[in-house]
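Look at the two complexes coming up: subunit A is in both, with subunit B in one and subunit C in the other.
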Partner chain A sequence: MWIYDKKLEYPVKIKNCNPKMAKYIITQYGGPDGELAASLRYLSQRFSMPTEEARSILNDIGTEELAHLEIVGTMVHQLTKGVPADVLEKNGLGAYYADHDHAIYPISAAGNPWTAEYIQSKGDPIADLYEDLAAEQKARATYENLINLADDPDVIEPLKFLRAREIVHFQRFGEALRIVEDKLAQKKFFITKPEFLKKRE
Partner chain B sequence: MIQPTLDICNMLYNNPAFFTGPKLAHAYVPFQQLVCVYPPMKGLERGTIFPELDRPFGIDPEYTADA
Partner chain C sequence: MDENREKLLREVMAADFTLIDLNLYLDTHPTDQRAILLFITSAQRAKMLRDQYERLYGPLTVMSSGMGCPWPWIQSPWPWEKTSL
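== the complex of A and B ==
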């Protein structure tokens, strides 16, 4: 169950429209390393985690990624709000406008619609957590690319915030990985053979 | 060069009592220790309340290979 707070995790107040920037930023909405992929990846993987800590970390970070999805959606909305069709068209959003008008739809910067193929939920907690660590680095790298493409501080500040969160998430997944590896190692290692195994021989 | 016996190898690498370091073929992130935290408004502005995780774009060379 979730409790919804009717505000953004980080404020977005973009004064100047910029459809070209919107076309790039939407990749963090519905692209391969975007927030929709992140949230669904973590919220799906949590069920097969072997420790309470790992389940909680995936649950909390998956939830926060949904809040990031909302921030990115708001940015794209503000960057395109009221921009006429011909201006969208000149900025590479003609095809987008034809299908979605000024609505928000999960696609990558190149226009590919979101797909579950961006994520995995493997049932192997080690494999899943390594994917999550990689996902955080890819999201960080994407935010850095977007910061390099942006020139408006109203756009750069939320992007910097979102980038910073990926570093914190990486740390938490690294801690989850160690907790899970320790737990799995414990299960298999005995200093002396336990009694119940001896009897069977 | 002396070839260690298989037993010694097993003892060293498969027994946590002898080998406590990071294992081969495993990635490690050290546990964070709670030291001090930013006040809430600064945390919001920086994207984290932990000074040790506050690494803005451009500060770490490994994060700016192409920038």
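== the complex of A and C ==
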């Protein structure tokens, strides 16, 4: 379960609206390498993790990604709040406005709606953890692209924070992977695919 | 939001973030006694700041919502609002 804490993980206080930047940043809300995908990926994969370390890291990073989803949503909200329809339209958000007004909806920068096809939950801890490592790198790279597109420190600071978290997550998933691999290497410890192992013999 | 409130809220946020990050470390290093000790002292500090903030400005979680009518939990600002900091 979760309990809501009435604060963000990192402060967001954007003084100047910038709908063009919002159109790009929303990709970390509902895009292929965004926070919604990250959170659902880890929170789904945790059910089939074989060690306490792997279960807890997926649980806790999956939880932190929800806080990141909130930070990104907050950024898009503050960047577009009160911006008139014609200004949104001039900045590439005309179609978005038609469907969602000033609401927050999970899409990519190109406007594709969020889909579960962005994530996998394989039931194989090695496969899942490798996906998670790649996901963290892709998210890091996306934040770097967004930082390159931004010029307002109010926007850049939270993006830098989120980028730094992806690096920490990558590190922790790497450690979890090593722990899981060590455990799997122990003889007679069949936590995945005993059926496959039997058929292979 | 007034200056003192914003300052204290930012301190709560920073203290809680220390715990979030330390906890991730401990997930994969559960026998690191130095980190466990650091977590304990950081948690005490975070709790102290949280209690102080909630006493002055209202609940951060619904569990800590004190008596009050109207129900204090629903009061603005919510964290995504520009006025929340």
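Rule of thumb we're sticking to: the second predicted complex is superposed on the first by the 186 of 201 C-alpha atoms of A that agree within 3 Å, B and C clash if a C-alpha of one lies under 4 Å from a C-alpha of the other, contacts with A are read in each partner's own complex, and residues count from 1 in each chain.
What we mean here is this: contacts are C-beta pairs under 8 Å (C-beta built on N, C-alpha and C of every residue); 3 or more make two chains touch, one makes a residue touch a chain.
Not measured: the values here are computed from a predicted model.
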Looking at A:I14, would you say it contacts subunit B, subunit C, both, or neither? Reply first, second, both or neither. second
Item to complete: Tell me which partner A:K183 touches in the superposition: subunit B (first), subunit C (second), both or neither.
Response: neither
Margin query: With both complexes superposed on chain A, which partner does A:E64 reach: first (subunit B), second (subunit C), both or neither?
Written below: second
Item to complete: Look at A:K81 in the shared chain and tell me whether it touches subunit B only, subunit C only, both, or neither; answer first, second, both or neither.
Response: second
Quiz item: Once the shared chain is lined up, is A:I3 touching subunit B (first), subunit C (second), both, or neither of them?
Solution: second
I'd like to know which partner A:R140 touches here: subunit B for first, subunit C for second, both or neither. first
- Message: Just checking: does A:H102 make contact with subunit B only, subunit C only, both, or neither of them? Give me first, second, both or neither.
- Response: neither
Both subunit B and subunit C touch subunit A at residues 10, 168, 175
As the complex stands, subunit A meets subunit B at residues 10, 130, 133, 140, 144, 147-148, 160-165, 167-168, 170-171, 173-175, 177-178, 181, 185, 189, 191
The answer for subunit C against subunit A in the complex is residues 9-10, 12-13, 16-17, 20-21, 23-25, 27-30, 59-63, 78-80, 82, 84-85
Per the touch rule, the subunit B residues reaching subunit A in their complex are 15-17, 26-32, 44, 46-48, 50, 53-57, 63-64, 67
Within their complex, subunit A touches subunit C through residues 3-14, 52-53, 56-57, 60-61, 64, 70, 73-74, 77-78, 81, 168-169, 172, 175-176, 179
